[in-house]
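After this come two complexes, each holding chain A, first together with chain B and then together with chain C.
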Partner chain A sequence: MAQASLAASRQNSWWHRNQQQLTPWLFLAPGILFFLFYVIFPIFQSFNLSLFEWDGLGEAEYVGLYNYEELYWDEAFYTSLKNNVIWLVLYLAAIPAGLFIALFLNQTVTGIRLYKSLFFFPFVISQVVVGLVFTWFYDPTFGLLNVMLGAVGLPPMNVLGDENWVTVGIIVAGLWPQTAYCMILYLTGLNAVDPEQIEAGRLDGAKGWRMLWYIIVPQLRPATFIAFVVTIIGALRSFDLISVMTNGGPFGSSRVLSFYMFEVALSEYGFRMGYGAAIAVVLFMIMLAFIAYFLWTMYKEERAR
Partner chain B sequence: MRSIMKTSAAAIAILAATLGGASADGLTGNLKIFLDTSNPAPRATMEEMIAQFGEKNPDLTIETTVIDREAYKTQIRNFLTANAPDVATWYAANRMRPYVEAGLFEDVSDLWAEPEIGDNLASTKGALTIDGKQWGVPYTYYQWGVYYRKDIFDELGLSEPATWEEEKANCQKIIDAGKKCYTIGTKFLWTAGGWFDYLNMRTNGFDFHMDLLTGEASWQSDEVRKTFANWRELIDMGAFIDNHQTYSWQEALPFMVKGDAAAYLMGNFAVAPLRDAGLTDDQIDFYQFVEITPGVEKAEDAPTDTFHIPANAENKENAREFLKFVVSPDVQTQINDGKHLGQLPVNAKSSVDNDKFLVEGFEMLSTNSPGGVAQFFDRDAPAEMAKVAMEGLQEFMVKPDNLDKILARLDRARERIYK
Partner chain C sequence: MFPTPIERTSRTWQISYQTLLPLALILWLLPLIAVAIFSVKPDIDFANANYWGWPTSFEGFTNYALVFTGSDMPQYLMNSFRITIPTVIGAVALSCMTGFALGVYKFKANIWIFFMFVAGNFVPFQILMVPVRDLTLQMGLYNTITGLVLFHIAFQTGFCTLFMRNFIRALPFELIEAARVEGVAEWRIFWYVVLPLMKPAIAALSVLIFTFIWNDYFWAVVLTQGVESQPVTAGITSFNAQYRAAYHLMSAGSIVAALPPVAMFFLMQRHFIAGLTLGAVK
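Up next is the complex of A and B:
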C-alpha cells in the first residue's frame, strides 16, 4: 500500500510528468549556453562597441554613428569591400572545378584511391603553407611562374606586387584547396547517383554533356548546395592567405573586410576597436544575407519532404 | 665557454659589491619577466643576463617568459591590463605612449633621478620621457645607415659619398654597370619609413621631421614635397630593386649578397645576416647617410629597445633593482658586445665592442649627429598615422605619380588622428 502510493506520487511529480519535454532541453543546454555566450552575445557586443571610440586600453568614448560615417569616407574600406565581392564571385569557380575533377576520378582503375588522396592533399595542408608555396611560385625574381611565362614568350609579371592582379593571385591560391574540398563533396555525392536513371537516360539516347546536365547534376543537388555554402563562407573568411602572401599590400590593395578589421583594431598599429567593430558589423550583415538564404533553402527542403 | 660565463658573472657580482651601490644583493620574493627577444641571439643574451641577476640574488624566484616578437606586440595589451609581469620589454618614444596614457606603465622617474642613471643614460633620456616623467629604461640601441658592398664600390672606382650629388653620381655609375644601387623590401612597409626618415631629416632637418610626425606640420607643405622630389630622383633613375613591394627586409638581402644591388639603408641588425650569408668584413662597409640640404644639421635614427615596469606589477621593488642592474655599465658592455646583441650600449660608461660597425655607429651617434636622434618613423609617429603614412610611402615608391593623392590622404588622416 505504502509502496503503491510512493509510486503514484513519483508518477505525479512535476519532473516525471514533463520528463519527455524537458530531457532534450537538458541535453541541449550546454550547447545553447555556449552558443549564446560565445556567438550571440559577442554579436550584440560588437554592435555596441561600434558606437564607441576606444583604443582597447583607456576609457571608451561614445560617438554614435561616427565610425560608420568614417567608413563612408574611407577609400580603404571600399577597396576591401570590392575585394570581398571579387572573392565571392571568383571563389565559386571551385564548385565546377571540383565537379569535373570528381567526375574524372570517379572510375575504377588500379590505384585510384592514391590519385584521389593526392587530389585531396591541398585541403589537408594548412592555408599558411598553401600561401607560402604560392608566394614562391609568384616570386618575380626566382619564381616558377615567370619561368613558365617566359617559356611561352610572355613578359614576366609580379602578381603579388601589382594592385590589379594581387587579389586574383591570392584567390587562385585559395582555389587550390577549395577545389579539393568540393571534389570530395562531389565524390561522395556521385556514389549516391542512381545507376537505373543513368541506364534509363542512356536508353533514351542521352550522353556526354546532356547526360551530365540533365541526369547527373540534378541528382547531385545536395552536394552542390553544401559546396556552395562552404565556398561562400570560405570566401568571406579569407584571411590567412592574405596575411601570409601580401599582408594586405601592396599599399592595401589586397585587403578584404576581415583583414582590414584585424588591421585597424588588433594588429601592431591598430588601436581603433570601435572602427574595427563597425567593419565587423558590415561583414556580419553581408554574411547574414547569405546565411539567411541558406537557412531558408534548407527549411524549404525540410518542409517539402 | 661555461666557465668563462661563470667567471664573468662572478666578476660582475664582485664588482657590484665593491662599488657599494648594490643594495640589490639578497632580494627576496618573486620577479616575473616578460621578454619579446625571441630571436636566438637576443634570447640567449637575455637569459644569460637574468641568470646573472639570479646568482646575485639567490633567494629571488625569477620567472622568465619569452614571447614571439611579433605576437608580443598584440599580447602586451592583454597582459598589461590583466596578469601583469613585473618587468616587460617594449620600445621607446611614441610606441609607449598608449600604455603611458592608459596608466599601464609605472613612472620610474625616481630611478632617473639617481645620477648613475640620469647622467650616464642622458643620451636616451628624451626617448623615455613623456609629460616630463620617465617611464622605463633602455637596454640597447642601434644605428641606421647605408651598408654597402665595398668590393663593388672598389671595382667601379667609387668612394663613400658625402653629399647628395656624390650619392647620385655613384648611383648612376652603379646603374650603368647593370646593378641596382639599393636593395629594399617594402612588403611590411617600415623599410620605406627608414628612407623617408633620412630623406626628410636631411632635406628639412630634425625639427621639421618631428613636427611632421607629431602632427604639427602638413604633409602637403612645400618642405615635404621637396623631400619627395629628392626621393623621386632616385626612383626615376631606377635606383631601387624592382618588385620591392613583394619582399620582406630579409628577402631583400640576397640581392645585396649576390651583388645585384650595391647598398642597403638599414639598421645595424642587417650586418649579422649579411655575414651569415658569407660576406666578409672586407666586402661590407658602412657610411652615414649623406648631406642633402647644405647646412642642415645631421640627425640619425637610433631605435631604442626598453624595459618597463607595468603599473599592475606585484614586485615593483625587485623590478626596480632589475632595471638598475640592466643599465649598469658592465652589464651594458656585456649584453651589447659582438657575441651577444651586437648593438650599442646605452650607458656612457660602458665600452663598445671592437666591431667595426659598432665602433663606427657609436662614433657617428656620439659626435656626428648634432641635429638630434630620432627613434624611427613608426616609433616617433602615433601607430595609426605610421600605418597610413608608410602605406603611402610604399605606394609612392611604386607609383610616384600618385603623390598628390597620397599626400592629400595623409593630411586627411592627420586631421583625424591628432585632434
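Up next is the complex of A and C:
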C-alpha cells in the first residue's frame, strides 16, 4: 500500500516535472495522426504512384517516368495547363472587383447591413448550384444572357458550346462567389482603416483615386493578402463548376488539370491511377510554388512579432 | 471613413446612391432571382416557351412539394446533415486541442507543425484523391458516410488549426500564467481557462465548416455513389437527370439544396464573417 502510493507520487512528480513539455504533444497527437494519415502520407503515395501503371484493382506495374513522358506528348494536358493559367489570371479580377463593391457598400445608410449580406449571398451557395444557375444563364434557347444581348442588338451566343468562350464563361461563374468573398474581406478591412490618416489625407488635398491608392490600399494589405491566397487556391481548385457546367467540353476544351486528372483516373474514360497521379503531381508542384510563398510571408510576420 | 460618408455629400449623389443600391443588388443577384422565379412557375410555361414572362399561375407549393415527395431529395438532404454535423464536431474538437497546443506552448517543432497544417490545407485535392480513395476502400468505408466524414475531419483540421491557433495567440497570456502560478494542471487550464474564451472562435469555425462541408462536391463524388450515402450536392445531379428539362423542378431542387448553409449564414452572420477573415483582419 505504502509502496503503491509512493510509486504513484513518484510517477506524479515525474509527470509534474515534465508536464509542460508533454502536454502539447498529448494535445497534438490526435490531430497530427489524423492529418498525417489522410493528408500528408497520401501526398507521398501519389508521388510514388505516378511511377506506376495501375487500374485501381490489379497489380501495379512499375513504369518509371513513363507517365510523365506520356504527359509531355499529351495534347489534352497542354489544353488543361493553358486553361489553368487563364483561370489563375482572370480569377484575380475578383480582388479589385471585391474592393470596388466593398467601397460602394461601405456606407451607413439604413438597411446597408442587409445589402451587404445579400451581396455576399453567392459565396454561401454551393458551386454546384452556382454552376447550374449559370448554365441556364448562358443557355442558348432561353438564357438571360441572350435576352440581354438581344436587347442591345447583339447576336446571340452559345457560351458553353464555343471552344473560345467556354473557359471564360465558367470563370465568370466562378468570379461571382469569389468576388463576394473578396468583398467581405475588404469590408472588414475598411472598418479597420485609420480615420485619422484619412482626415490627414483630406487636409493634404488627397481625394478619390489618389486617396484610395496611397492611403487606403496600403492599409488594406492584410485583407489583400488573404484575398490573394484564397483566390489563387480557388482558381487552382476549380473543379465543381467545370464538372457541372460542361463536363470538360466541348471536346475537352474547358478542362483544367484538376478536372483532367479526375477524368483520367476515375471516370468512364478509364481508371489510369498512375497517369492521374502524374497529372496531380504537376498540379501540386504549381500549387507548391504558391504555398511556399504564402508560408514564407507568414513566417516573416511570425518573426516580426 | 472612406469613401466619404454619404451624409456629407451633395444631395444629388445621395439620391443617386439610394437608387443605385437596389439596382446594383438586383443586377448582382439576377441569376439567382431567375432561378427563384423558375421554381414557382408551372410546367406549362416552359412548354409554351414563356421563360421570362410572368408565371401564368403560382405553382410554388406544388413544385417544392414534388421535390420532397417525388424524388430522393429528402434522403440526400438527410445524408448531407449526417455528413456535415459530425464533421463540424470532429474538426472543431481536434483543432481546439491542436490550436491550444500550438498557441500556448513554446517548443522547437511548434512552427513546423503549424506550417504542416497550413500547407496541407492548401494542397490540391487531386494529389490526395487516389490514395485516399484506396485507403477508404481498404478500410471497407467506401460509399459510407463514415468514410467521408473521417476524411473531412482530417482535412478540415488543417484550416481549423490555423484559425484556432491564431485566435488563442491573441488571448491574454497572463490568464494562463496566473493559473500556472496557482498550480492548476495544464489540461485544467485548457478546459477551464482557455476553452471558455474560445467560444466565439468555435462558433465562427462551426458555421464556416458547416458551409464548406455542405457544399463539398468533389469528395462526395470520389468517396460515395448512390442514394444511401451521397450528399445533396452530388444528389442534385441525379435529381436533374430524373427531371431533365423540367426547369421548374430543377430550380426548386437547387434552392432546397442551397438553403441550409444560407439559413446558417443569416442566423450566424457575425460569426461567419469573423471566420472568413481568419481573424487576421480585425
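As a convention for this text, the second predicted complex is superposed on the first by the 290 of 305 C-alpha atoms of A that agree within 3 Å, B and C clash if a C-alpha of one lies under 4 Å from a C-alpha of the other, contacts with A are read in each partner's own complex, and residues count from 1 in each chain.
In this section, a residue touches a chain if its C-beta (ideal position, glycine included) is under 8 Å from a C-beta of that chain, and two chains touch if they have at least 3 such contacts.
Model, not experiment: these values are computed from the prediction.
Contacts of A:Leu92 after superposition: neither chain B nor chain C is touched. Contacts of A:Leu266 after superposition on the shared chain: both chain B and chain C are touched.
Taking chain A as the reference, the larger set of touched residues comes from C, when chain B and chain C are compared. By the document's definition of touching, of the two partners only chain B reaches A:Asp55; chain C does not. Of the two partner chains placed around the shared chain by superposition, chain B is the only one that A:Gly161 touches, whereas chain C remains out of contact. Legend: residue contacts after superposition of the two complexes on their common chain; A:Thr23 is shown touching chain C, with no touch to chain B.
Contacts of A:Ile125 after superposition on the shared chain: chain C is touched, whereas chain B is not.
In the superposition on chain A, A:Gly252 makes contact with chain B only, while chain C stays out of contact range. In the superposition on chain A, contact is made by A:Ser117 with chain C only, not with chain B.
In the superposition on chain A, contact is made by A:Glu75 with chain B only, not with chain C.
The intersection of chain A residues touching chain B with those touching chain C, taken from the two complexes, comprises 56, 266. Across the complex, chain A meets chain C through its residues 19-21, 23-25, 27-28, 30-32, 34-35, 37-43, 45-46, 49, 56, 103-104, 106-109, 115, 117-122, 124-129, 132-134, 136-137, 142, 144, 147, 176, 181, 184-185, 188-190, 192-193, 195, 198, 211-212, 215-216, 222-223, 225-226, 229, 233, 236-237, 239-240, 243-244, 257-258, 261-262, 265-266, 273, 276-277, 279-281, 283-284, 287, 290-291, 294-295, 298-299, 302. Those residues of chain B whose C-beta lies close enough to touch chain A in the complex are 70, 73-74, 77, 80-81, 98-99, 101-102, 104, 186-189, 242-243, 245-246, 378, 383-384, 386-387, 391-392, 394-395, 398, 409, 416.
Looking at the complex, you find that chain A touches chain B at residues 55-58, 70, 75, 138-141, 158, 160-161, 246-247, 249-252, 263, 266-272.
Interface of chain C with chain A (complex): residues 1-3, 5-7, 17-18, 21, 24-25, 28-32, 34-35, 38, 49, 51-52, 94-95, 97-98, 100-102, 104-105, 107, 110-111, 113, 115-120, 122-135, 150-151, 153-155, 157-158, 161, 185-187, 190, 211, 214-215, 217-218, 221-222, 233, 236-237, 240, 247, 250, 254, 257-258, 261-262, 264-266, 269, 273, 276-278, 280-282.
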